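My structure is below; once you've seen it, I'll send some questions.
In order of appearance the chains are A, B, C and D, and numbering begins at 1 in each one.
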Amino acid sequence: MLDEILTVTFLTGFLAATLRIMTPILIAALGEMFAERAGVLNLGIEGIMIIGSFAGFAGAYFTGSLLLGFVTGALAGALLGLAMGVLSIRLKANQIVAGLGIWILCQGLASFLNRGIFGVVSVRPSVSILPAISLPLLNQVPLLGETLFNQNIVVYLTLLAVPVFTFIFRRTSWGLSIDAVGEEPHAADAAGISVSRVRYIAVTFGGLMAGLGGAYLSLALFGLYTDDLSTGLGWMAIVVVVFGKWRPWWIVGGALIFGAANALQYRLQALDFPLPYQFLLMIPFIVTLVIVVIFGRGQKGPSALAAPYERSEL
Amino acid sequence: MQRDAVVVSMEGITKSFGGTTANDDISFCLEAGEIHGLLGENGAGKTTLMNILYGLHRPDSGCILVNQVERNITSPHEAIALGIGMVHQHFMQVPTLTVLDNVILGLRNAREPLLDREGARQRLGELSATYQLDVDPEAYIWQLSVGDRQRVEILKALYRDVSILILDEPTSVLTPQEAEELFAMIRVCVNRGMSVIFITHKLEEAMSITDRVTVLRDGRVVATRVTSETTKAELARLMVGREVLFRLSNDAARSPAGPVALEVERLRAISDRGVLAVRDVSFQVHGGEIVGIAGVDGNGQTELVQALTGLRPVESGRVVVDGVDLTNAAPQRILRQGVGHIPEDFDDALVGAFTLVENLALDLHYTPPFSRWGVLNREVMRQSAQQVIARYDVRTPHERVKARTLSGGNKQKVVIARETSRAIKLLIAAHPTRGLDIGAEEYIRGLLLELRNAGIAILLVSTKLDEILSLCDRILVIEKGRLMGEMARSEADIEKIGLLMAGTGA
Amino acid sequence: TAQEDETDAEPIRVALVLDNAIDDQGWNQAGYEGLLAIEEQFENVEIAFSEEIPIPDMERALRDYASQGYDFIILHSSIAKDAAINTATDYPEIMFLWTDGDTTMDNLAVIRPLAHEASYLAGLIAGSMTETGIIGMVGGIDIPSTHRSYEGFVMGVAEVNADAQVLVNWIGSFLDVSAGNEAAMSQVEAGADIIFGNGDGQNIGVLRACEETETLCIGAVRDQYDVAPSVVLTSVGWGFETGIPLVFGDYLEGKFEGQFYEINLEEGADLMPYHENEELIPEEVRELVEEKRQEIIDGDLEIPVIDFAEEMEEEEETD
Amino acid sequence: MQAYGALVYSAFGSVNGFAETMVKACPLLLAGLGVTVAFRARFWNIGAEGQIYAGGIMAAVVGIYITGLPAVVHLPLTVLAGAVGGALWGLVPGYLKARLKVNEVITTLMLNYVIILLAGYLIHGPMRDRASGITISPQLLQTAWLPTVIPRTRFHAGILLALALAVVVYWLLERTVLGFQIRTVGENERAARVAGVRVGRTIILTMIVSGALAGLAGAAEVAGLQHRLVDEFSPGYGFLAVAVALLGNLHPIGVVFASVLFAALLNGADAMQRAASVPVPVIFVIEGLVIVLVSARFFRQRSG
């Protein structure tokens, strides 16, 4: 069986699948990382991804431009992120409940808009999906090159965003302010930073990224929208943020492990692996769990995570 | 140095929080180039007044003039822009960031949004040199001692080019030497044209460094005095509203030392930073004596106390209480062996959201008579709380108030009450009077002596040398995790201890 | 007149209860289309439906309709067995139709799609057309009806291509589009050049994966040609769109019985049209399919129903 | 307007409506109590859904395969098995957090997926009713059924159990040593440690209790309503339970009201589909909005 597994086609396919599965999770997780590092826990990510995939699709469908589709998806996501901001920052809502509410609300909203705009149709409208771009030279790298460097633009941009985000948190005043606000909002306030402004920006950006992650599903993977495009990817994104210790590269690692375990699981099944399929489907979750138990102990999130900031509480 | 121009004038400031009026029609003015002391008991409203000036609170009424111009300061951002800097009583720092990042936090620079750490490091170096404030800019805040954190807090203000510097109880965590360094720094500030507001509970300090003092009581201004024209006694009376004793004598009713209650042998413990913070410490404490551990903050006292109380693993060595080996025992076991523990921060001993009844029962709630078969007996808990509250004179309307609403002094009393009202043989008290006003301080020191006289062994960790000298029968000095020397009180004096603390004595 | 009488008469009220959305492109949409077909084909009917009803709420939804005086109630969820039986017991005057169920009563009939026959025909196509000798099957949840189809498909493949290998992925969901997509992708990479999407909503993912990799494929439940017109050769219809109005017609004519209505090839559980892709299928293959189809209809060829339970028991015996 | 009328009427306007509201409140209340206990210790248990499934599985196993017992023994045993199942599934993240300091958000979420898949395996495999043409487990023996309390409705004894447990949980939190320790750990872990409370042990016990309560929700659904193990017998009750617990301000009696309110809302919204042809997506939007508004409205207090 091992020789069956370790073929080149298997490996390249496995890599490609890993990338495919991890990308939307990674996009959303990177955004959620901003929100959480600023102290806002947005459990509505799953819902925002659903809206993002619908808005992205509708945008692309009506404008005929995938780019505008992604823009629409991102904007819709940003709007919902902002709504989460208003709830958690201005109204000082309980963030866990507000996030769950947004999740349910978005499910309904996406499906409502979908039926309102496209109707209950027997044939789904569709758009052509984002093409893969093969990077010259790099795609010649043996074994990996063909898949790693033959991806759509969003994959490249997402991977590019990782060092950029790392840079933002390491070297810019934006990153510093976000961390300060999530860690010790009173200190940030006393240093002259507007806690609520930073949080609004971070949670809105988090929403924007979740919207993009959703749009990725409808525009880069499927070219159409159904209510069930994202089944739990947003929740996985939240897990990956914690798993990734709120740091960009670790988050990539988390998404990668989950993506790889998933990709492997489908392949094992197709190879008639002698286990009931439900147990194979468990693999990604169990792998995540085991890895966290082995390597991910003792991490605590930003100190002020999910706590509304009130100045006079001092 | 021009002394008469008024730089800050606060007029008719009133501020209340729910039921309590923290500031009641306060008028206060700061002249250019002066050091203005602000005195008052815990809860008198000093911090609130300064928070208003710094834009953290909005006054309910009253107005503020900065450099003769009326200002509406709604955020620290605006205060900073007006040249006001504040060193807070609770440090306003992000522990997970470095010193440098904390200093530049919230500031703009030419390369925005990029950080200019190189430039900042340079400027910080210069400031450190000018004001003699030494800290490693690359160190993380959580790694620093309290003294260092305070230096960071001051550097933050200086870095912002403030002309008005507010220091809220800056010396409550410092040793006398550190306090002296601070005063020297303040004088440099004033010489460079700054004006300083200095909040303290220590009258000696107020007398020695300030030009004028304003005394608050219950949210009102009681008096403003020129320092050279007043006395400690007068200030104390103004603050408390009655005469205050200044020295407690520990020789009264001194009983001979009893059997060994605590024996520590070659103890080693590792700090959160992963370094050996307690190095081969050995000492004994007998029943009926107070042994003091003096030292500059951050020299392993925290870790020592935690290792003794089961809150931190002991790497090697032994801890024996009353003949029982409690090395690495669980806190509960140690507590049940008759050890009381007053941690250095009373917020680590109290549950703010719990009533006094619950807080007072926290240590023994799982044993009869507080509970049986896992079920609490609320009535017993309540009665016991009432008794304890009366006995320790905790100032509270009733025993059902939430602990977080108490003043600092009263919170500390609750902790001490809980930890000493059960049958204990040994009390480990870390900085029991830190941040408390003179009235509360006096009370707690008296209480420690009483316990000592009742035959209890007390280990007192303190950075206040006057406290150590006035209370302890024997004094140990700790420096970099080692005990540097031991002396009876009769042999001790400030000089000698100070040298040991600096690591140069013995 | 008689005609006026008819229009004045109380309309016949038909309700449908679904466990998912009516536009899921699969099972639920097929049921919904069956309901719409009733409205279209018969006069003086009033229709209503409740979608996205979770399992614990099924019985409440059924009772709600029953107590509101609906005459004919369709339960489109095979696992809501007790809801069907309990409600039917308490409302003997109301007729219930339960799709893909396993129990009948006087007033409870079951529609059982015999899609394994069409699946067999699909297997013939796949087996004849594969070049790599590797064929994929992506199933939703492995339940008796999908399992029957899977077995039928494998039989079809084996009939024409004894050496062909069928890769099997069950994704444990009838909805998860991403999982369908990934499973199909993994089969393509493993060499499959024809994939049978033996499921439901998740088939969208399967078919889109095929479109992207230019792999031929076969849909299921309803005609799924439009999901990926360039690669969908045909679909295995389950016949709800035709079967539901068929049973309702019986009911109107007073012929309704608490029995199993098996929907066979002729009644709509048939291969769906080839549409534009007819030419992709070699003529002799199409002829073979037509031939076998006729044999089945004529009763000359029987495709055994291999249910999952039976298979499991067999396995146990061989263990 | 008609729609809202339908909502209120269907929830409380008739015996059956009331019964159905309580039927729905039952799992929300039990799981909500479980979440409450965990959250009071500041343990972010997002795994009530999985604990419900664990409880349902265990109850089904005992209810189906243990035969020959009289109802007075079999029923309590079945219910207890549900509690044990939930407790075990809660113990895992509790233990991992208390002893290995593993973040509970990850563990509880992952364990949800695992147990739901395991339930799927059991229902489609070993526990499948071989006599049936569909994939459900056999019925629980009648001796393991929670009796129906209001005749001709689905109002089963599990609801009474849930209400009683709300009082028990209140008593547990306010009057027992364990409850006191749970609250202490939640409010100030450092103070708990200083006062000698064994934090790790408390967290483990918390999650046993929390999981057991959620497990009982599963057992009540299986033994009171489905009488079988079926796919998706909990359509996300464990997640709603989080909202219910927080809406109830993490107070057991508050959770009673919150669960009834949510149940009325869910049932009412569903009835709006039939009474006023309100499309399902709109219903989800309304539900989401209500939760969102509720989050902002009622919860300023406990954050401080």
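In this text, a contact is a pair of C-beta atoms (placed from the backbone, for glycine too) under 8 Å apart; a residue touches a chain by one contact, two chains touch by 3 or more.
This structure is a prediction, so every number in the text was calculated from the model and none was measured.
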item: Shortest contact path, chain B to chain D, counted in steps; value: 1
item: Chain A and chain D, separation of their C-alpha mean positions in angstrom; value: 29
item: Cα-centroid distance, chain C relative to chain D, in whole angstrom; value: 34
item: Centroid spacing, where centroids are CA-atom means, of chain B and chain C in whole angstrom; value: 75
item: For chain A, residues contacting two or more additional chains; value: 111, 114-115, 278, 281
item: Overlap residues in chain D, where contacts from two or more other chains coincide; value: 117, 120, 124-125, 280
item: Shared-contact residues (touching 2 or more other chains) in chain C; value: 21, 142, 172
item: Touching pairs among all chains present in the structure; value: A-B, A-C, A-D, B-D, C-D
item: Touch list for chain B against partner chain D, complex; value: 309, 311, 330-332, 334-336, 341, 343, 347-354, 358, 362-363, 365-366, 371, 374-376, 378, 418
item: Footprint of chain D on chain C - complex, ascending; value: 21, 48, 50-57, 59-61, 63-65, 68, 78-79, 81-82, 100-103, 141-144, 172, 307-309, 312-313
item: Residues of chain D defined as touching chain B within the complex; value: 175-178, 180-181, 183-184, 187-188, 190-198
item: For the chain C and chain A complex, residues of the former touching the latter; value: 21-25, 29, 32-33, 136, 142, 167-173, 175-179, 181-183, 185-191, 201-202, 204-205, 208, 212, 222, 226-227
item: Chain D to chain C touching residues, read off their complex; value: 16, 20, 23-24, 27, 117, 120, 124-125, 128, 130, 132-136, 139, 154, 221, 225-228, 230-235, 267, 270-271, 273-274, 277, 280
